[in-house]
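Each of the next two complexes has subunit A plus one more chain, namely subunit B in the first and subunit C in the second.
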Partner chain A sequence: MRSETEIRAELRTFVQRHAGQVAITDDMPLFTLRVLRSVHLPELIILLERLRGAPIDVEQLRMGDFDGIDAMMASFGGKP
Partner chain B sequence: MSALATALAQVSETADRLSRLSARAHQNPYTLVDWPTAVDPERDWFGTPEYVSLHGTAVWEGLDDTARRRVAFHEAAGFFSLNIHGEKSLIQGLAARLYRSDLAGAAGYLHHFLDEENKHSVYFGGFCTRYARVHRSRQASLRTDRPRDVDDLLFFAKTLIFEEIVDHYNRVQARDGRLHPLARFINDHHHREEARHLVFGRRLVTALWQAGDWDARTAAEIRDDLGRFVTATWREYYHPDVYADAGLDDPWELAETAWSAPAQRAHRRNVSADCLRFLATAGVLTEEPADAF
Partner chain C sequence: MNTLTELTGIGLRWDPSGQAGLTGPLLALAGDCDRAFQHLASRWGCPEEAYAATLPAAALHGHLRSFPHQVTFAAALDPAESNLAEFADGPVLDRSGAVALTRTAPVTAVLTPAACYHVYHAHRGEQLPAAAYVTTRNTCFRREPRYEPLRRQWTFAMREIVCLGTAEEATSFLAEARAAVDEFARLIDLPLAWTPATDPFFRPDHHPGHLLQRIQPVKHEATYGGSLALGSANLHHDHFGSAFGITRGGAPATTACLAFGVERWLYALVDRHGAEPGGWPDLLAAAGQAVAR
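For the complex of A and B:
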């Protein structure tokens, strides 16, 4: 499993790639602001699984789990 | 009147014709297949080797034939699972529109559509639960406050994209004489019914796109959403759980490697070509989906 710093860096790269000109911060509510949308989830989930080295229970997901890089780290950044 | 009601009225003759064909082809999914007690994933092919997601990668080159058949078997279960999840979303969307106040006149074909999608999942689920497992999907839908016309268009256009890609695999694998008869049957049966859905989907999406009063910003959002959906759909074909079940190491890294492999990029472009050509001709898409190839 990668370090928190590495995971955050990869997530920022992913989000920025889809955000266009919008400047991203780690506490920005990405789905609320529609920087990311449902169609980004498969790529985002597989990226998170790869970074943490463990699967994510897709059936238990809540929108808040993804609504920002901080939120993703809180939900999926730790040890499974 | 909604854009969907207008579009359905325009394709009503097609829907009536397809309804008659569906009624004539009606079958019982519980009696049509004589399921083998067991299958041998290392003896028989359950997926076309050239369509395995690792084909053209160094990992595939390093596997012997037994291991390749094992990967193809688990990938068949992954493909069938992907169909189950796609059809679940489709069934939900069709059921939500069945007898909607402005769509009551179109209920006839929607009933057939729903019925046939449910039956397909009986076959896919029958295979996965008997011989492998139902793999999870990473597709999830978050609530939005989009206008209903936009939701309707996105639902039927995404359904079409999903079915066009699946149908390409079905057609190839139904004809592949190397495959176990059960795998050929499931692919062939699905293809025969999907052929009707694709005729309906292409006509409906064309009419729906023309019926909608899309301003430039909405049209751009629709295009972006559909382009991303092409990429998201393809991502599901590179399933780390499948690789893990097949006994391969580092399944997430392998999924990333396979996704980026030049041979796989070319494969995705080739399989998507008909669908993207249709969407471009209909005016729905104006450029190639970002990141898909």
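For the complex of A and C:
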């Protein structure tokens, strides 16, 4: 499993790759603002699974889990 | 809980294939329901738009991938004389009652899966100078593993109120729409609860739309009795605006809809107020009051 700093950096890289010219912050609600879209979710979940070294049960996903990089770190950045 | 006998007594003509005929008091109640929903739509000055029973399959590419298990296709025989003769001279039906099809023509149409799809298709390519609000009603077709009278049907009536606008306009519409439904339900003494929901996507664990619905509050259902969804409030973001080239303010329009499943309202109203029509609430008066507030 990567460190929190490494996971956060990889998430920022992923988001920025899809954000175009939009400046990203860690608390930005990425899906609400349509910076990321539904088509990005499967890839993002796979990335998070790889970074945390554990699967994510999509049936356990909750509202807000992906509201921003901070929210993703809170939900998936620690030990499963 | 309504029994089939009770419902039949007030006009239900149930076909176990998942289709309901309505007569007598139940038909009158369905008409009142729909007029009440139209009255709610008047809050936004909605014009009525009426559409065909089918949509071009080419306009529903994403839907077909997402809900192949629910789709009903409009199929016809290949019109070649020899093919028609082969069909007409054959058994026509097999022993199970299934049609003994000969060669079919290419299937290019889908029986309406949701009333609002017609609106996006009909308004394709439009540049909206202001938010647009539309109401429409259609008979919708959704295949299900099992059917229950008025609760879960293959064919059912859906009344929708649709907003096409900016993200802010669509979000405001949904908030107002939910409040109007709440007020209407309160006035007719029909307890409803709004709950986040997901659509029944095929292979949901891998479907981006399902995943989005789990993490974003884009779909809420108005449920009666804990589980029966009488309606839903849906935010599509710019999914349909992009797909159909509808723009608002130079960007793909955001769309949202409020959908009512008419037969389910019948079930809930009879369950709540009984099978005696004299005990049913005045839906039109309630809708009028809900709009006036």
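Operating definition for what follows: the second predicted complex is superposed on the first by the 79 of 80 C-alpha atoms of A that agree within 3 Å, B and C clash if a C-alpha of one lies under 4 Å from a C-alpha of the other, contacts with A are read in each partner's own complex, and residues count from 1 in each chain.
Here is the rule we go by: contacts are C-beta pairs under 8 Å (C-beta built on N, C-alpha and C of every residue); 3 or more make two chains touch, one makes a residue touch a chain.
Worth saying up front: this structure is predicted, and the values here are computed from it rather than measured.
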Query: Does the subunit A-based superposition show subunit B and subunit C clashing or fitting?
result: clash
- request: Return first, second, both or neither, reflecting whether A:Glu10 touches subunit B, subunit C, both chains, or no partner chain.
  value: neither
Message: Per the contact definition in the header, classify A:Val58: touching subunit B only (first), subunit C only (second), both, or neither.
response: both
First (subunit B), second (subunit C), both or neither touched by A:Ile45: both
Message: According to the stated criteria, A:Thr32 is in contact with first (subunit B), second (subunit C), both, or neither; which is it?
response: second
When the two complexes are fitted on chain A, the stretch of subunit B hitting subunit C, from 92-100, 182-190 or 254-262: 92-100
- prompt: Looking at subunit A, which of its residues have contacts with both subunit B and subunit C?
  reply: 31, 37-42, 45, 58-59, 61, 63
Query: Hey, which residues of subunit C end up touching subunit A in the complex?
result: 196, 204-206, 208-212, 214-217, 237-238
- line: Within the complex, subunit B is touched by subunit A residues 31, 37-43, 45-46, 49-50, 53, 55, 58-59, 61, 63
- line: subunit B residues touching subunit A in their complex are 136-144, 225, 228-229, 231-232, 235-236, 240-241, 252-253, 255-256
Task: Mind listing the subunit A positions that touch subunit C in their complex?
output: 31-32, 34, 37-42, 45, 58-59, 61-67
